[in-house]
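Take a look at the structures listed below.
There are two complexes below, and they share chain A, which is joined by chain B in the first and by chain C in the second.
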Partner chain A sequence: MSDEILSDMNGNLSGDMSGDMSGTIVSIRHITKRFDSVSALNDVSIDIQQGEIFALLGPSGCGKSTLLRIISGFESPTSGQLLLDGNDMSALPPNKRPVNMVFQSYAVFPHMSVEQNVGYGLKMDKLPAEQIKQRVQRALEQVHLQDFSTRMPDQLSGGQRQRVALARALVKKPRVLLLDEPLSALDAKLRDAMRLELVKLQESVGITFIIVTHDQAEAMAMADRIAVLESGQLRQVATPEQLYARPVDAFVADFIGNINSFTVLDLQLDAHGHTAVRAEHLSTVMLASQDSHASLSASAGAAQATDAPRQVQAVLSVRPERVGISLQQPADDSVQIQGTLGDVAFQGQHCIAEVRLPDDTSISAIVSNEQASTFPDISEPLPVWAFWQADDMLLLPRHA
Partner chain B sequence: MPRFKRSSTAGPFDYSRKPLLRIVFILGTVFLYAPIIVLIIFSFNNSRRGGNIIWKGFTTKYYTKAFGNEELMLAFANSLTIAVVSTIISVILGALTAIVLWRFRFPLKPMFEGLVSLPIVIPEICMGVSLAMFFSTMGWMQTGDTAWPFNLSNIIIAHITFSFPFAAMVIRTRLQSFNREMEEAAKDLGASEFRVFVDILLPHMKPGLIAGALLAFTLSLDDFVITFFTSGPNTVTFPVKIYSMVRFSVTPEINAASTVLIIMTLLLTFIALRYQRIDTTP
Partner chain C sequence: MQDIRNRLGVFFAFSGPTLLWLILFFVVPLGIIWLYSFGENVSLTRIETTWTLDNYRRMLEPEIIELMRRSLWLAFVSTLVCLLVGFPMALVIATASHGAKPWLLLLIMLPFWTNLLIRTYALLNILGTRGRLNDLLGWLYERADQLLHLIGLGRLGLLGDQFTPLKLLGTQTGVIYGIVYVSLPFAILPIYSSLERMDKSLLEASMDLGASQWQTARHVLIPLALPGIMTAAIITFIPALGQFLTPDLLGRGQVDMIANVIERQFKRANDWPFGSAISLTLLYVTFILLALRSFNDAARSRRVAR
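Now for the complex of A and B:
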C-alpha cells in the first residue's frame, strides 16, 4: 500500500470515525483459549466498532491480556475466529497483521535512539529513508517528542518512553492499536494527564484503540465501550454509563464503582408487574418487574420445591450516592435500615459515611460535607438511619 | 544517623574505616599485585646470569633481546593466533548454545546443560591426556611438515573445547535479563525472526559476547596443561616456551616477554570495557 492511500485513509478515519461508529473492525467470534487444561477464555464473542476506544476490563487473570495477545497474533485461540475488517486473521503471524501494540513494559529498544525506535517498523516495511524520516517526524510531533528524536531511551522518563512506544506503533498507521495496561507503570499524577492525552490522541488519529486494563476508573474515563471479563467469561459489553447504571450481575456491579449489596432470600413476581424481594437486613422491597426477574424467581421456586435452603443466587444492590443518612427515622416510604454511624472518610468534595449494621456488616453512603459536619462528635455509637428509594435498587444475579 | 549505619547507605570507601577490612584489603592487594609489579620491575634489571633476583641497574636491553628471540616470537605469534581463532569460534558456539538453552525446552535438556558445562569441572590434566589420545588415535597429531597456521589446528580445537562452555555461561546469564516483550514488539512492528535476532537480540547480547570473548581469549592465551599435551615439536606456544626457558635459567628476558603480554591483555580488556556500554533500560 502506498503512503498516499494510507494517509488518505488516515484522513478519512479522523474525519468520520470519531463520532460515527459505523462498521465492525474487529470481530471476536466464540473464542476459547485453553493453556493445557486451564481455560483462559471461554466462548468470548465481541464486536469492536471502527474508531472507538474499547476497553477490556477485569481483575488479573480474567483473560483480558490473553484476548489482546490473540488479536495481536502472539497467541492463537484454541477454537473460535478472529476477523479484522471481515478477514480471518488466524493464518497471519504478528508481523503481518495490520495491528500494532503498545506493550506494558513499553519495550522501547534500548540500543536505538528515539528516532530509530519510531522508524523501526517503517524500516521493516522497506519504505524509502526520506519517507521514514517524514513520518517519524510527524509521529513524534503527535506525541510531543519532536525535540527528543536523537535521545537514547535511558535518557528518557517513564512517561516519555511510553510516548516513544505509542509513536512507534502509531507511525505504522495500524487498523487497530492495542494497548496493554498503558498507564499502570506511571505515577498517579502522570496517569491522569496521560488518560486525557490518549483520548485526545485517539480522536486526532482516528485509529481504533483496544485497551486492556484492570483499573475500572481508567476504563470508565477513557473508553467508549467496555467489556467486563471475569475468569475467562465475558460478563457484559456496554458503555461506561450503562455499565454503571445497569450492570448485568453482581460481579459487574461490584467491579464498576462501589455498591452496597444485600443477599436475596426470596423473591416473587406478582400479577401487577411487581417483584417482591425479601433480602437480609431489609423489609420486603417492591420492584418494577423486569425480564431478568422471571428466571431468578424460577430458580427460587426450584430451590423451594427441592427443599434446598431457601436462597436465591442474587443480590439486591444500591449505589452509595443513592443512600441518604438521617439522625431521625425518615417518615416517607423509602427503604430504611437502622444502624450506627461508623467511620466518616473525607474525600474532598464529599464524604463517605459508613453505617454499621447489627451483624457487623456495613453499608456506605455518600454525604455532603455540610451534613457530615452536623454529625455530633461523640464516643458512643450514634444511631442513624440509612434510607433510599426502592427504584434505586438493582436486583442482580450472582454467579457461584 | 546510627539507625542507618548498617543499611546500604555505606559509601564506597567506608570499608577503609574498619581495621579488619583494611587488613584484608591490604593483604589481598599485596598478594595479588606485588608479584606482578616485581615481575615488571625486574624486566628492567641489568643482571647477567645466576638468577634474576638482585637489582643491578636499569636497562631495556632484555626487551630488545626478547623481541629478537625468534623462537620466543614464533611462540608468541602461535599463542595469539590460537587465542584469536579459538575465541571467535568459542563465542559463536557459546552464543548458539546459550540461545538454545535459554529459549527452548526439549527432552534431556538438564543432561545437555550438564554436558556443556562438564569441561569447566573436568581437571585440565585429564582433558589434556584425553585430547592427546584422541588426536593420536585419529591420526591428527601434527608431525611438523604441515604449513604454519594449520599446524595449530589441534591446539585450537582443544582450546575451543574448554573455553566455549565459559562463553556459553556468560552469554546465557546475559540473555536471562532479556525482556521478551522487546522481541514481541519488534515482531509486532513487522520484523521477521531473523531481523529480531540481528536488530534486537544481538545488541542485547553484546556485553555478554564481549565478556565471553575476553574470558575465552585469556583462557586460551595462558593455557599450559592442555596445550602441552596437544602441541607438536613445531607448535610451541608462549606459556610452553616460557616454561622451557625457565628450566634453563630465569633471565630478565622472560620478565620482559611477560610484561609485554600483561600490557597487551590490559590494553585489550580496556578496549573491550570501553566498547561495552552497560544498558540499564529495561
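Now for the complex of A and C:
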C-alpha cells in the first residue's frame, strides 16, 4: 500500500492533529478479520499518533474489541498489516509485543498480592529483584496504591483492582497501553473521577493510550482523537469537536450526541453554490454546497433516471441545542416546523423539550430553564414552533 | 425456607428416611465393627468385647506394616498418574468448543455407567500375557523385525531373539493401571470444573505481561486450579487406598492391598476382631488426611485475610 493513499485517507478522515505529536506509533493497514464467514472488521486503516489518547468507539459488535485484540496479539487479522513503530507485528505473539492491556474484567491475579501482581511482568522479564521492587513501588505511587502493596485482590474495591491492573501494565513501560472498556465496571460517580485521573495519568507517563469504549461521552471526554466503527467498518476518525460538528454520515451524527434527522426526499445543486434540499416535514432548505453534496445529488439523479422510488439515502439533521422553540411563528427566514409541545424534561442546567409532529414523530430541542417555566401548564396540546438556521443543518449520507 | 427450618415436623419428614437409613445401615454397623475391634474370638461364631488392644497391636506386625506401606504407595502412584493424565484432559475439555464439550464429558462419564466388575474383566482381557495389549505389541514387534530384515539389519538382533510378552497381571504396574483406569474420571471432573470457572482473561493477562505459555501454566493456570487438583487428589487417593477388586483380579493375589487382607480376616481367617481393627485404622488414616486438608485450607484463607 502506498503512502500517498494513506496520507490522503488521513487527510480526509482525521483533520488537524492537536498538540505536538512525534509521528505514527501504531499503523493499522487494511485490516480485515473474519470469524468463520462473519466479518468482524472490514478493511480498517487507522494511524495512531505517539502520545495521544485514541478511542475506538462504536456500539457492541462493531469490531472495536476485535481490533484491540489484534493490536495486543490475541487475534490475528485475516488480512492486512499491523505496524508498531514501523515494524510488522503479525509474527509476534502477545508476550513479545511492547504493548500492554488493561482488561475489561481487570484480570488481576487473585492468588497474588498487589505487589506480586504489579511485579509479575517484570519477573517474567527476569529483572533483578531490587529493580523490580523499585519499579513496582513507583508504579503503585502513580496509581495511589502505595499503602496497599501487601493486600490480596479480594480485599480491594473494584476501583482499586482497576488501579492494580493499570499499574501492572504501566510498570512494563509499554509503547502503547490498551484499555478495554476501562470504566464500564465502575459506578457512575467513580467513573467520572477515574476519567479525569486516566487523562492525568496519561499526561504524566506520556504513553500512547488506546481505549475501547461504547460510551460516546467517555470517548469525547478523554480522547484526543476518536475512531467511530460500525459493523466492522471504520466510519470516521477525528477529534471529538470535529466528530460532533462535522460527522461524515447519519450514523456518526446519531452516535455522537443527539440529533434530529429528517429523511431527504430530493436535492439539487444550483449554479450559485447552493444545494436545495427537500426533506420530509420541511420546506425546501438552501445549504451552501459542499463537495460531499455532489455525489449525493448524483445518486439522487441516478435514482430518478431508473424510476426507482425518489428517495435519496441521506438525512438533513440539526442538533437539539440549535433548535429554538417559540409559541408564535418566528418572523425571520429560519427553518420552521409546527407541532405540539410534548414532554419537557428537566436536566439540571437546562431542559430538553419535545415537539410532536403530526405523524407522531418528534424532534427535541434544548431550552433554558427560564423559557421552560413560561410554557403554560395546560392539558390540551399546546401548538408551538420549532425553528433553527439553515446553516446549522447538516446534510449527511445514510448507509443502508 | 425459613419456615421449613423452623418446623421440626417438616424437618424430620424430609430428612427422616435418609437419617434412618444412615443410622440403620451405616452408624450401627460401624459401631458394631468398632466394638469388634476391641474383642476376642471366644468360639467359632462368638466374639466378646473384652476391650483388649491386641487387635490394634497386631497392626504393628511387619507384614501388616508392609501391606499398609504398599497400599499407600500404590494409591499415591495411582493418584499421581491420574493427576498427570487428568490435568491435560481437563484442560482440553475446559477449552473445547461448545459443540465438542458435552461429547468429551460424555466420554469421561461413560465408564460410570458400566459395571466395575465388567470393566475389570475387560482389563484382564487387555492386560493378560496373551491379552490384547501384548497382541498389539507382538504385532508391532513382528513388523519392526520385518523392517529390520528388509533393510538388512536383521542379523544384529537389535530387538532380541523373540518377542517377550509384558507381564502386567500380578504386578504392581498392572494394579496401578487398573486403579488409574477406575479413578481417572474422579480426577478429571474436579480439575475440569476449577478450570471451567477460571476467568480466561487471567491467562491472557499473563501472556500480555510477557509470560510464555509454560510460565503462564506454572504461575497462573496451575496455582488457580490447585483447589480442584487437591480435590481430585483426595477423591482419587482415598478410594484407591481401599481398592479391593482391582488388586484381587489384576494382582492375581500377588499384589495384595490392605482391603484384600481385611477381606481375608472376615472370610478365610475368620478373625473378625482383627479385620475390624484394620478397617478402622484405614478409616482413621483417611480422616487424618482429610483433616490435614481442612487445616491447610483454613491456613490458606487466614493468609488471604491477613
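As a convention for this text, the second predicted complex is superposed on the first by the 381 of 400 C-alpha atoms of A that agree within 3 Å, B and C clash if a C-alpha of one lies under 4 Å from a C-alpha of the other, contacts with A are read in each partner's own complex, and residues count from 1 in each chain.
Going forward, a contact is a pair of C-beta atoms (placed from the backbone, for glycine too) under 8 Å apart; a residue touches a chain by one contact, two chains touch by 3 or more.
Computed from a predicted model, the values in this text were never measured in an experiment.
Steric overlap between chain B and chain C is present once the structures are superposed on chain A. Using the contact criterion defined above for the overlaid structures, shared-chain residue A:190 touches neither chain B nor chain C, since it reaches no partner. When the shared chain is aligned, chain B and chain C each come close enough to touch A:100. By the touch criterion defined above, A:276 reaches neither chain B nor chain C. Of the two partner chains placed by superposition, A:92 touches none, neither chain B nor chain C. In the superposed model, A:124 makes contact with both chain B and chain C.
Comparing the two interfaces of chain A, the one with chain B and the one with chain C have residues 72, 74, 93-96, 100-101, 103-105, 107, 109-111, 120-121, 124-125, 154, 165, 168-169, 172 in common.
Within the complex, the chain A residues that touch chain B are 72, 74, 93-96, 100-101, 103-105, 107-111, 120-121, 124-125, 153-154, 161, 165, 168-169, 172. Only residues 179, 181-182, 184-192, 195, 199-200, 203-204, 279-282 of chain B touch chain A when the two sit together in their complex. Interface of chain A with chain C (complex): residues 72, 74, 93-96, 100-101, 103-105, 107, 109-111, 120-121, 124-125, 150, 152, 154-155, 165, 168-169, 172. Contact residues on chain C toward chain A in their complex (touch as defined above): 199, 201-202, 204-212, 215, 219-220, 223-224, 304-306.
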